[in-house]
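Consider the two complexes below, in which subunit A is the common component and subunit B and subunit C are the respective partners.
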Partner chain A sequence: MYPIVLLSFFGIVTLFLGFSKSKNILLPATLLFLIIALAGNFLEWNKGPLLYFYDMLRVDNVTLAFNGIILLSAFMIFAISGGFQDNPDSEPAEYFGLMLFSLVGALMMVGFQHLIMLFIGVEILSVAMYVLTGSNKRNLRSNEAALKYFLMGAFATGFMLFGITLLYGATGSFKLEQIQGFASNMQVGSESYILYAGLLLLLIGMLFKVSAAPFHFWTPDVYEGAPTIFTTFMSTVVKTAGFAALFRLLSGSFTGVYGFWWIVIAAIAVLTLLVGNIGATSQNSFKRMLAYSGISHAGYLLIALTALSKPSQNAIIFYSLAYSLSTICAFGVLMLVSKEKTIGGQPNEYYDAFNGLAKQNPLLAFVLTVSMLSLAGIPLTAGFWGKFFIFTSAAERGIIWITVIAVLMSTVGIYYYFRVIISSYLKEGDLVKIRVAPFYKVILVLATFLTILFGLAPGIFEGLI
Partner chain B sequence: MEVAAFYGFSALAILAALFILFSKNLIYGAFALLLAFLGIAALFVLAGADFLGVAQIMIYVGGILVLLMFGIMLTQRAIQQEGPSRHNRVEVPITRKVWGFVIGIGIVGVLAKIIFSANFRMSGDAVSRKSTIKTIGVELMTSHLLPFEIAAILLLVALIGAAYLALNRNPAQ
Partner chain C sequence: MLTLLLILLPIAAGIITLLSGERLAKQVALIGGLASLGLAIFVWQQFDPMAGTQFGFKYAWLAASGISFAAGIDGISLLLVLLTTFLTPLIILSAFKNTYKSTATFYSLILFMESALIGVFTATDAFLFYLFFEAALIPVYFLSAVWGGENRLKVTFKFFIYTIFGSLFMLVALVYLYYQTPGTHSSEITEFYRLQLIPGVQGFIFWAFFIAFAIKMPLFPFHTWQPDTYTESPTPATMLLSGIMLKMGVYGLIRFLLPIVPSGMENWGLMAMILSVIGIIYGSIIAIQQSDMKRLIAYSSFAHVGLMAAGVFSSSLNGLQGALIQMLAHGINVIGLFFIVDIIYSRTKTRYLDQLGGISQTSPHLSVYFMILLLGSVALPLTNGFVGEFLLLSSVFQYDAILGAIAGLTIILGSVYMLRLFQKSMFGPKSKWVEGFQDLTASERAVLLPLIIMVFWIGIYPSTFLKLTEPAVSQLLQLVNN
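Showing the complex of A and B:
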């Protein structure tokens, strides 16, 4: 609750800070704002389930854990943005303001207890992301990405809204608890098809936002066209918030009709895994590969949703954290390396940009390697345990076949994740020593350290939630 | 009387919507859209949702339709060779007619099945035929205060975004 109010206020303050001549104050100020929001978030830890504003928001430890992941990822992304000082065309106050507001939307998606809150949260997050995607106004790719994202996103929002109205028609309420009450009391033989239709349309809208197949078409173009720093934001914060919202929706309202939706989600999970992993193998651009990898990770998280149990809740939280940390590392290194060589005025984001990285920049190569290993799910990294928890939660539900497909697909993943490691260690290249700002280095090392720490001791937070 | 009005306005909305579908002229389509919006606003009023009817006219007819007209006029391309009747024409080649037909009929069938089998529930008691504006205002300021306030953030984000994307601070260009 506190972070939503605080960040709304801080966003406006950030816009006013933009009036000052010197833009140097913006970065420390926003980082301070995020730390305050994080502290405010954990003030309510273990206070039990709290409901705010006539049951609009629910705060419990699960909400707070998701909020913590979102705010921590946002802190790291803000820190490695360096205040956008290297680009004279940029408007840091607007960027930071929009990102702080979009965090408000993300936190609403995590804690909603009323479908209007979900809708407004999704819209705040999406509108801010449309603008940030097109923020590089001189780059045609960025403009194209923003337009594509906006048109497809508006379409998905229409589906979602239609679904919400049908659910209201079926149950007479927007509140999760009352929908839950209606869905679990449905008699066999007199099922409400309008509830099923509403649920399906709402799921389509949400699955679009987390880029699950077959609603993934926008993802590679948008991730590639957007400035890398905003791609990082999109693939960590937006994805975590989307899965938190899906989890809350399904576990809070629709456990009564589990038999209807689990097979839908399972089919979409399998399709997403296939599209994401097989699509990623044929890419030559590292950034585009990460976009497909984002699709495939959405598939793994959907498996945890099909299981929908207490372990799968913890699995989603752990996986989101592990995925966010590794993705921030990967994009962080990409941002540094791609600036060294340019193709046609744009940063070189192909695999060959990494050739010979390890010779002069052993730290960057190490950070990149750990993040790739974690994304691929190799033991001793956080990503391995994330996948392990998800697969066990599915197995406990008795859904073995989906686990088999997921394991097969994660071996495909090793191929494309290792390509960049091979480039940076084994291939010859003429990369010189890259200058890294000290704070940037601290963030990368911290994320890598956490990835290894969770890989060695995955049970650190066990029993807390 | 009410039944006749209901069917009359429904027919207006549906016929206007069909006209948009089959018309090849964008301006005609936009004017038909006006009729469709008016028909739907009238249906809202008939259903006792007077505020929704007024909002529909103000937002869609007053705002969105005018914006649409400006959009059409500003993006018009002069066609020299052909006569003025060729202006504003939408040329969309229709391919895969069979599949389109199958999918369209399928969606209509599913939606019809859902709507006819729906057992709509009333939320609360039936509203008496007074104005709904007072109730909406009270609800917005009490039980729905948080979404009402947070919607301001959404509008602010949209405003900043539009201003940022439209602004050109580089004097050289």
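Showing the complex of A and C:
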């Protein structure tokens, strides 16, 4: 609970810091805020399940683990943003403020115990993201992306709210436990149909947020149009929070009707895997490929949801962490490289931009390679174990066929992830040495190190949660 | 503990090589390779064939899930570890005459590869096996993709995706087997041996393993990546691929396929055997028509591995023993042959048989070495190829006489393409490409001489190695037959 309170307060402080003449204190200040929030988060470690805000928020180790991943990702993203110094049009105080507020929303989604809390969390997160997507206000694509995201997002929110209403109508409560109690002892009748309809609508709203197919159409355009730093934020923080919320929702309220929804989620998982992986193969833009890859990773995580067990919960936590680390590295390198050779004033985000990267920038090429290997799920990286845990959790439930499809799709994944490795190591290019700020370098190296560490010793977290 | 040392020593040597700078890298790498060989020979001296798996170690990796970092050496492993550690220094030495850009990286990748291969051959935990199986791919991918020929990007990419695709099937099979183990689950291979799976499931597991290993070896019809990759890769990478990496597939068949799914073998073994035999004949016929020497040897290797697989699928003592000794022999011969092709190519700048001829006039030593290796490869008695091929053919013949007869054609076809290779390059009028051809230098002889010694050693007294593996193989067959 501490980080929610702290971050709300810090967000306001950050906005006021924007009045000061020196813009340089913003970045260190927000980083400090995040560290405090992280520390506050783990104060409650092992304190057992605690309930706050009239039982609307639950804090247990799972919540804290997800919070930790979200705050760590946010810390890394803030750090590589460099305080938005390079763009004279930018408004750093507002950006940081909005991101801090959106983190509050994310943390609410992770710990919610009451559907209204979920709704508030989703909205706080989303509204901030709509604004940040359009923050590059002189760029047409950024504006288009923001409008698209907002319109579609608002629509999805409507579905979600309608779903919550129906659930309330069927069960008479917003609380997860009471819905669980009702759903477990439910007779077949009109109420059960209302409950099913409500669940489906609520799922549609949530699946939209995590960009699962067929609700993914906004993802490539929005990811591509938004400034890269916010794309990174969206693809890590929003996705982690979304899956934490989905897992909490389904495991907290709907285990009793597992037979009804598991096939829906399984079908969506398969569709998402197909759309994400096959869509990614035909992209020429690295950034757009990462958007599709984000969709495909949502597919893998949905498999873990289909299994819905204790191992699959740990799998989601591990996978989110591995995915966030690699994604931050990938976007981090992209931001540096794309600035080198602009096309008509816009950053060059195509695969060609990476040609010959390894020659002058061996460190960046290595960071990029490790992150691609991890996303592709090659052994000895964290991504491999993430996939491994997900596959095993599905196999344990006896859902082998979905694992086979996922395995086939991982092979497709190797194709597009390796294209950029080939570009940077094996193709000729005239990239000069890119100047990387020391702090930026530290973050990239740290994320790479963690990716390899978790790849070598995935047991570190075992038994923690 | 010795096993762990065997795995770690090449990694350490690789890192030292990487740090030692461009000028010293070669020598450091060679010393590293020789040190590993020394260690392997020491292990061989300490090894007791009757005592099962030895020198093991086991660290909990995912303790609660029963997945551990465990490895050990039995007869089958030891043979392949010896092969790997024997060939790696020779591969390093064979690269000395060529200059490769970023030398240090080049040699360190070879050593990393060695470590992963030793890991594959010694792992006693199924997931550790899988990990090394995949990890071995990455160094060799970069070796081929960075230092290879013109078409390298496309070819190596195909190779990479092809092999990953196969091993992912194995991963699914392993995960399934893991959840069949009793209690809190364990991924020890010996636990997998104890499983009693229903025949229908065994069929699926059989094919999942089969695809993974058949792509690696490769067997017909999963071989299309192989000739291109062998041809485009730099010779040391080709040697690693054909001399050692191919054995990962055969080893996998022996270690996993036979003992875990015996009834799958019963139902589908014939089918797999037929595919292997088709590969033998098909590979030989294509080899006869090749004019690129490297491609010719690639196809000959494809044919040979088909016979090894057929021997394994016969699941008899002769078949397995033959496959093991043939792995050793094939590794030695194929590396020697690729090296000789590389020597010829580096002097004449051509690999095409039509453009060569008359090399024996100026280079008697080269042609003698070439002849010996070649005769080993066509399985002349008293050379290393004979022992393995004899055992393999007899096992296939016992399994099915008709298949045995067809597989036996390999002896004839093998001599046709090999002797054609020799005749067209060594004899006949001297072509303009071979003007001023020099005979072997001292370092080239240093590579070929140990190979020749091994050709005769295995050919004349194979018991040294057969005795090593026999107890482990009969133990394995007991599992299969129960």
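The rule is simple: the second predicted complex is superposed on the first by the 461 of 465 C-alpha atoms of A that agree within 3 Å, B and C clash if a C-alpha of one lies under 4 Å from a C-alpha of the other, contacts with A are read in each partner's own complex, and residues count from 1 in each chain.
In the analysis below, a residue touches a chain if its C-beta (ideal position, glycine included) is under 8 Å from a C-beta of that chain, and two chains touch if they have at least 3 such contacts.
What you see is a predicted model; the values in this text were computed from it and never measured.
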Partner chain(s) touched by A:L426 [first = subunit B, second = subunit C, both, neither]: second
Touching partner for A:S173 - first (subunit B), second (subunit C), both, neither: first
First, second, both or neither for A:P458, with subunit B first and subunit C second: second
Contacts of A:F19 with subunit B and subunit C, given as first, second, both or neither: neither
Subunit B versus subunit C as contact partner of A:I400, first or second or both or neither: second
Touching partner for A:P379 - first (subunit B), second (subunit C), both, neither: second
First (subunit B), second (subunit C), both or neither touched by A:L57: first
Intersection of the subunit A residues that touch subunit B with those that touch subunit C: none
Residue ranges of subunit A in contact with subunit C within the complex: 378-380, 388, 391-392, 395-396, 400, 403-404, 407-408, 410-411, 414-415, 418, 422, 425-427, 457-459, 462-463
Residue ranges of subunit B in contact with subunit A within the complex: 110-111, 113-115, 117-123, 142-147, 150-151, 153-154, 156-158, 160-161, 164-165, 170
Residues of subunit A defined as touching subunit B within the complex: 4, 8, 11-12, 15, 52-54, 56-57, 89, 91, 94, 97-98, 101-102, 104-105, 108, 114, 116-117, 120, 123-124, 127-128, 130-131, 134-135, 137, 166, 168-173, 192-194, 197
For the subunit C and subunit A complex, residues of the former touching the latter: 60-65, 130-131, 134-135, 138, 142, 145-146, 152-153, 157, 160-161, 164-165, 168-169, 171-172, 175-176, 178-179
